[in-house]
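In what follows, structures are represented as structure tokens.
Below are two complexes that have subunit A in common, paired first with subunit B and then with subunit C.
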Partner chain A sequence: MAKGIKEPADDDDYIDIDDTGPGDLKGADGGYAWEEEYKRSWDVIQEDASGSIQSIVLGINDQKRHRRVRDTEAIQRGIIRHVVLIIDQSENMNLRDLMPTRIQATLTMVTAFIGEYFDQNPISQLSVIATKDGLAEKLTDLSGNPMDHLGALKDKANKDLAGEPSLQNALELAMHTLKRAPTHGSREVVCVMGSLTTCDPGDIAQTLEALKASQVRVSMVHLAAEVHVFKRICRETGGVFYVAQNEDNMKDLLFENVPPPPIVSARATADMIQMGFPIKAGGVPTPCVCHHELGFVGYICPRCKSKVCSLPTDCDVCGLPLVSAPHLARSYHHLFPEENFKEVGGDSVDSACFGCGAVWAEPPNDTEPGGGRGKYRCPRCKHDYCLECDIFIHETLHNCPGCV
Partner chain B sequence: MLLLPGESIKHTSETTCNKEDGSLYFTNKRLAWCKAGSPTPTVEVLHDHFSGQQVSKAETKKVMLRVTAAQPPGASGGAQASVTHTFTWKHADKDAAIADREKYVAELSVIMSKRSQGGATASGSSAAPSGHATSAATPGQSGESPSTATAAASASASGVPGSSTQSASEYVKVKIGAVPASAEEIKLRQDVLSKNAELAKLHKSLVVSGLVPEDEFWSTRKHILETQAIQSQLRKGESSTWLDLAPTTQESGNFKYTITPSVARRVFKEFPQVKRAYVENVPHRISEKQFWKSFVASQFFNRGRSAEAGKGGGRDAIFDKCTQEEDALFDNTSRHDLELLNNLLNLTRTEEDSVETGNAADFTMRPASKDSKLALIRRFNRHSELVLQSVLGNKRKPDVPSSVVTSQALESATVLNDLAVPEAEKRVKLNIQDKSRYFTSMTTDASNTRSTTDAHESQGGADPLVSARSTLKVSFDISRPLSDCGDVQATMASMLSSAHRQAMQRRPNRIQELHIPDDLSHAVAECHGAGTEMLRHLWALLRLPPTADRQTKAGKIVVAFDGVLKRIDETIAKARVAESKNANIATTVERMLQPITTSLRTGKQAYEHRRLVPAKSAA
Partner chain C sequence: MSEPLESDPSLLVVILDVNGWAWTQSPLTIDNALQQMIIFINAYLALKPENKLVVLASNKRECKCLYPADRNQAPIERDIRIYEQFRVVDATVLSGVQAMLSDAAATMIEGEEDEEGQTLMSRALSKALCHIHRVEAESSAAVKVWSRILVISAADDSPREYIALMNTIFAAQRMGVLIDICKVSGKSDSVFLQQAAEITGGNYLKVDTTRGGGESMLQTLMFTCLADHYTREVLVSPTSETIDFRATCFCHKRIVDIGFVCSVCLSIFCELTPVCSTCQTKFSFRVARADSAAPHQAVNGSLKQSPKPAAATAAMSTLTLS
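Coming up: the complex of A and B.
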């Protein structure tokens, strides 16, 4: 492992350390990413001709916030989702190639994923299964309340690592959980695995047939390498299989599962789904039917008139899904995605970004191509936005302020 | 052994109990053990008293069976204390001992399943420990031999084997919902309650206090029981990782190898020659410890690990023989029936091309250029073979040499999925009739709600906020003086008042401020709990298509509603006479119980409506 003073490559102004580009596994040291013990991130900063480092710093920040060009065709997507998250808790997760350990990085990402998932899919449900020592254990049942899942992940007892994972056991348990889900919702499994082996009691091909028959879509993010069996399962059930290169990459790949997946099969889609829109009630403390605890604020189910304490949820007494209008509105964004903005340079209509009002920065030198500091134009209202606003509009807001 | 009248011995074995030698007898009436030479049994367990059994794990050297029995009536004390007896088999051959023990285990399981079928009631505590013991026996059995585990598990795991396994699931279903509940189901219920604190609290308040019968409580929560059943039935497969026997360095500089029975088993699987050597040499010629010591030091073990380690080490009679055996095995090419080999992998095929040409000999198609790597390659191949065999079994179809099959085989070997152009998956287009309605309704609603909240909050009408909004829309330029931005004072005042109101609502101790006495709150909770539980049942029945059976059940539940309503009235009456700092305690309690009363009434209405509809459609 060579650890001398690094020379900058001739054709780059700054060296990639944190983001190794595609097809370029070797870091700046000449070694592989997993061979480096620590990253010398200070070597990236260099002064430019005028002695200022501001352009370099801005360039590094821009690299992190890359905008994703999305598919904006209006297609059918499963909005009511039932996702089972499978987490590998075997001994392989103790390795330190993702900082601080694989399992810590995974838990951080999964916590962020859960928050984002319920933010973008408020009427969907999630369940968490952990696998270790050849067996699988269900940590939380299918529910729409993110606090349940976050609490289970934080629970110390769930953090011991042991043995080998068992994908077959985890998938069987997941299938059993998803059987209870109604057919009008989509059934998905998202796995995060770090182990190259799986310790199964039987033939996993049979489990694969069962998954296909139940129309369960399995996706996986693997932390080490591509394993044929895992990839085959993901491919044949219609999911995606990725291998993460580093922490940022892992976050991106995991968050690919946040927007609802397109409906592929032509199975009988339900035309009408019964849902309840409860009214808020309050004033006197009354017990709720889900926890039997006294609470002031509650919602009255329109069918059985029992009080539930929070939305969205399924009524505990009569089973009716209860949502409020903002929840549905948040889910609809995925059906009407905002079009990708075109990058333009040169003059624009506005003197400043239409979203935040930041005055356009001068590009460092005119020969530099577009490079992250350009303007992004909405094709409908023809207003220009800066990179930050573009990302904000596409990922969080889902509506262009100029068009609305 | 002296037999009772009508008794016949089914099995007998030499075992030790309490460190004394003797023989174990299994008869049609009891399980008895006699000390060597004595005719009367020292330990006896009648079939009726027998309550549980446990077996030792496969990894331990001793083969043991532990039997739990209830104290026979008439013994001192009279309490239901249970007695355990442990029997150890002392056979030299472990497998024979295990086989022997299995006979007893099978017999005892049959007895227990017969007993649990014979109507163990839900409250029977004796049934519970027996259920516990059999499922403790199951992991012991399934740990031994995974191939026979399915048979053993299905015999002893479910006293009443449910419907046959589903098409792809390998798990035997425990029948849940049978009335009266089987022993396994009781065990499941206990497991679920111990794991789930909330459910345990609910269970305690509803069932233990007698409000709701136990079976009804679980009938709406079957899925929880099923999940627990599946989870507890998951079996552990065989480990498929590469066995890397790495030493730990101790302080004195010595290396320490840890060899547990599971490690030993995996070594035997990887190296069948070592297993044969072990069986031959231990324990007659050398001790086990010596065997492992020489194994670890031998060239046989080390040549695969690194080139340097392979060169060291002296000669060792046993393991050199292993090396020679292995080499002989691989040199003997005629051991494979060449017809069955896949032509693409058959290295001997290239020998046809390697005729004498006068050039240097062909050095391709030879496994390993350096001999030191050869052992590693062989070991790796053998490991992969074992992993695949454990899943696929020894299926080997003779290749039918038809052209279609061979071309398919060639295609699957040469066409790689990763190199193919990824095809876009078929997507279904979104079919919305009137897309514009989505956007228009959004904006009009937004402005409507905003105007109503304006009217609500700011006393000065909609003007201050509207003007503030309009200034924002044009451009956000704080260089302009604030007075131009509309009536800031009124906006701030309304914002502050609403914030104050929300903060007042959210204070945590508001419930305590109502000063509800404990017994009243307890009574309220009880009414609420009982009512909710019944409503759950009712709605579960109403949602299913109506049958006569369900109608009658629903009718019974509705009748039970009246009981709950009466209780509610009692509670309200009690509230009226209760003493409390809160003057309006009665109205407060009444309003607290309002939702449950409403929902009970709604449920009743739904039931009535349901009852009338089929009558109308029939008529």
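Coming up: the complex of A and C.
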């Protein structure tokens, strides 16, 4: 598996294994490697001085939360993205190893992904392709409106599963979709696959060459296992291949595709993009050009004076991308990312978390290296934060309260 | 996100601007404003026993949490005639503001810094969101706490805060936090805070001190900011004139209808330039047309404008939306 293999811990809280198997499968302390994840949680729980188990339960929850350490260099990123999302709708997606079924879990995650994608990349575009019965079908064309994609995913017909998937067909269709994307934007494919096979009409190696030639980056989250051809396609196009362990892990892996990837220098062309900043229309209800419905609220395209009902979008009449200035501001945090905080022990200048004002849970412990767990220091302003604030600052706020 | 219920408790974070210089410019004195704010806070706490309160104070140098205060502070003496919580809140907030004002006065005498009418608003809002996040993470799943922020602002916008302020506004929007703005200073509207209210769905109120004397602030707060998420759905909030979300270009500070945006750093220009003055990217000589299927429009490459990096970096931070 590509990610998340647990380090063997040094305590002995594991279920005892009586049978003796082949030695190379054994983990660090005698159990099988795959059993190391299961601890006897009831042994860990002990009452504290006041007879409460709340603190230990909080501690266990803290261990489950992990900080994602991000790349914080100010590198050039493709802010304007074109992503094709490929969803496997073969019979293999009916398996119940992810709850309730693989396809249901996938659709839930993909729905969340689409919301997050457009939240973080407001001027980017997305298209959804489904593959089943050896064919690929485009559910939505490249569009900047999340409602289009969410509507298509809700459609009942798109939840029927049949036959084998065809990765080649899906990639060819994705390439065809992305051909229209301008060169200053990125071209990406994100696949969610549950099948260990692909049923292709031709040589998928040729498709791989074509993908490389047209600079498409393919990333994949697989729900079952590593498959050589899938991994090779991802690796050679500059993407990443992950295998999801469970629902939470799958969400993390899929959401790694939300922030824009760094630009490969070979094709970094920059353009000036013509964009319209429309004025809000009000007063009398008028029909919009996008849904042909009467409404009070709308935005007037500055070029052709037609009315659209939401931003950001492309004008349906003249095709001008319409945005408002806050949409552009929303992408700035990708360009100036917040630095990762360092976990520190010992004394600190702050008597409490600098963000939320929570008093440190345990007194700083100098005897043990790395003691005083749960303090994270910003390298720039030297203020300390609790774990909760650290995650919040890096995932939602994108501002260090001490640095601004 | 689920719908707010009548029984759901609220969390109110009050951010008080204690920039002494800015208050001297305002028609309302800080004493008067503080009195009215405390009456408002007491009214808020009296509405529902579960209601939670955080008070932050910010000037141009620091941002402090006044309530809930540190544990090691001196206990406040009891007075049986006043409801305990009111007394604690009132005393902690007042002493905190006093301490900050005297600190600021002390540093001003020895320091040679020229006094500016700007406040660390993005830091205060960031801290407010951290507090809200902490309370929401700690509250049980059964009871949803609805949070909002009230900013009592006297100072002017600081242009270099633009990006940080926008980040906090979007974070608040994602968390479903309303930001109400009560602008006291009489001179100009705060463009940034207006956007904060507009994007998060809060109210932007400008206290009218010309009519009704100093007490109009309390009235305004009581009528518009006391309502929780549930009540606001049935109330008609005071309308502000719609905010123009058009952008100003970085090169000439003109308001643009149709602008040219650098694909790398998203700077806005009103005309074609060969090099982006913000990020120094050289553009290929063509304009990406809106309809990407169409062939790229060729542009005559005889532009000779030289980039002005220093001016443009300043412009990057002053991207205002009139």
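Note that the second predicted complex is superposed on the first by the 339 of 404 C-alpha atoms of A that agree within 3 Å, B and C clash if a C-alpha of one lies under 4 Å from a C-alpha of the other, contacts with A are read in each partner's own complex, and residues count from 1 in each chain.
The definition used in the following text is that a contact is a pair of C-beta atoms (placed from the backbone, for glycine too) under 8 Å apart; a residue touches a chain by one contact, two chains touch by 3 or more.
What you see is a predicted model, and the numbers here were worked out from it, not measured in a lab.
Asker: Looking at the combined model built on subunit A, do subunit B and subunit C fit side by side or clash?
Answerer: Clash - subunit B and subunit C, as placed by superposing on subunit A, overlap.
Asker: Is A:F277 touching the first partner subunit B, the second partner subunit C, both, or neither of them?
Answerer: second
Asker: Considering only touches as defined above, state whether A:I80 meets subunit B (first), subunit C (second), both or neither.
Answerer: second
Asker: Touching A:G355 in the superposition: subunit B (first), subunit C (second), both, neither?
Answerer: The second partner, subunit C, only.
Asker: Kindly classify A:G185 by the partners it touches after superposition: subunit B alone (first), subunit C alone (second), both, or neither?
Answerer: second
Asker: By the touch definition at the top of the document, which applies to A:P287: first (subunit B), second (subunit C), both, or neither?
Answerer: first
Asker: Counting only touches as set out at the top, which of subunit B and subunit C does A:F336 meet: first, second, both, neither?
Answerer: both
Asker: May I ask you to decide whether A:L397 touches subunit B, subunit C, both, or neither, giving the answer as first, second, both or neither?
Answerer: second
Asker: With the two complexes overlaid, spot the stretch of subunit B among 239-247, 473-481 or 527-535 whose C-alpha atoms clash with subunit C.
Answerer: In the superposition, subunit C collides with subunit B along 473-481.
Asker: Would you tell me the residues on subunit A in contact with subunit B in one complex that are also in contact with subunit C in the other?
Answerer: 76, 180, 303, 318-319, 329, 332, 335-336, 357, 404
Asker: Using the touch rule from the top, collect the residues of subunit C that touch subunit A in their complex.
Answerer: 63, 65, 68, 70-71, 120, 122-123, 126-127, 129-131, 133-134, 137, 161-164, 166-171, 174-175, 195, 199, 242, 244-247, 256-266, 268-269, 272-273, 276, 281-284, 286-294, 296, 319, 321
Asker: Given the complex with subunit B, which residues does subunit A contribute to the contact?
Answerer: Contacts found on subunit A: 73-76, 133-138, 141, 164, 166, 168-169, 172-173, 176-177, 180, 197-204, 206-207, 209-210, 213, 235, 238, 262-264, 266, 281, 283-287, 289, 291-292, 294, 296, 298, 300, 303-307, 316-319, 329, 332, 335-336, 357, 404.
Asker: In their complex, what parts of subunit B are in touch with subunit A?
Answerer: Those residues of subunit B that touch subunit A are 146, 167-171, 198, 202, 205, 223-224, 226-227, 230-231, 234-241, 391-392, 417, 425-432, 435, 438, 442-443, 475-476, 505, 510-511, 514, 521, 524-525, 528-529, 532, 535-536, 539-540, 543, 588, 591-596, 598-599, 602-603, 606.
Asker: Looking at the complex, which residues from subunit A come into contact with subunit C?
Answerer: 76, 79-80, 119, 180-182, 184-185, 269-280, 282, 302-303, 314-315, 318-321, 324-326, 328-333, 335-336, 351-359, 388-389, 392-393, 396-402, 404
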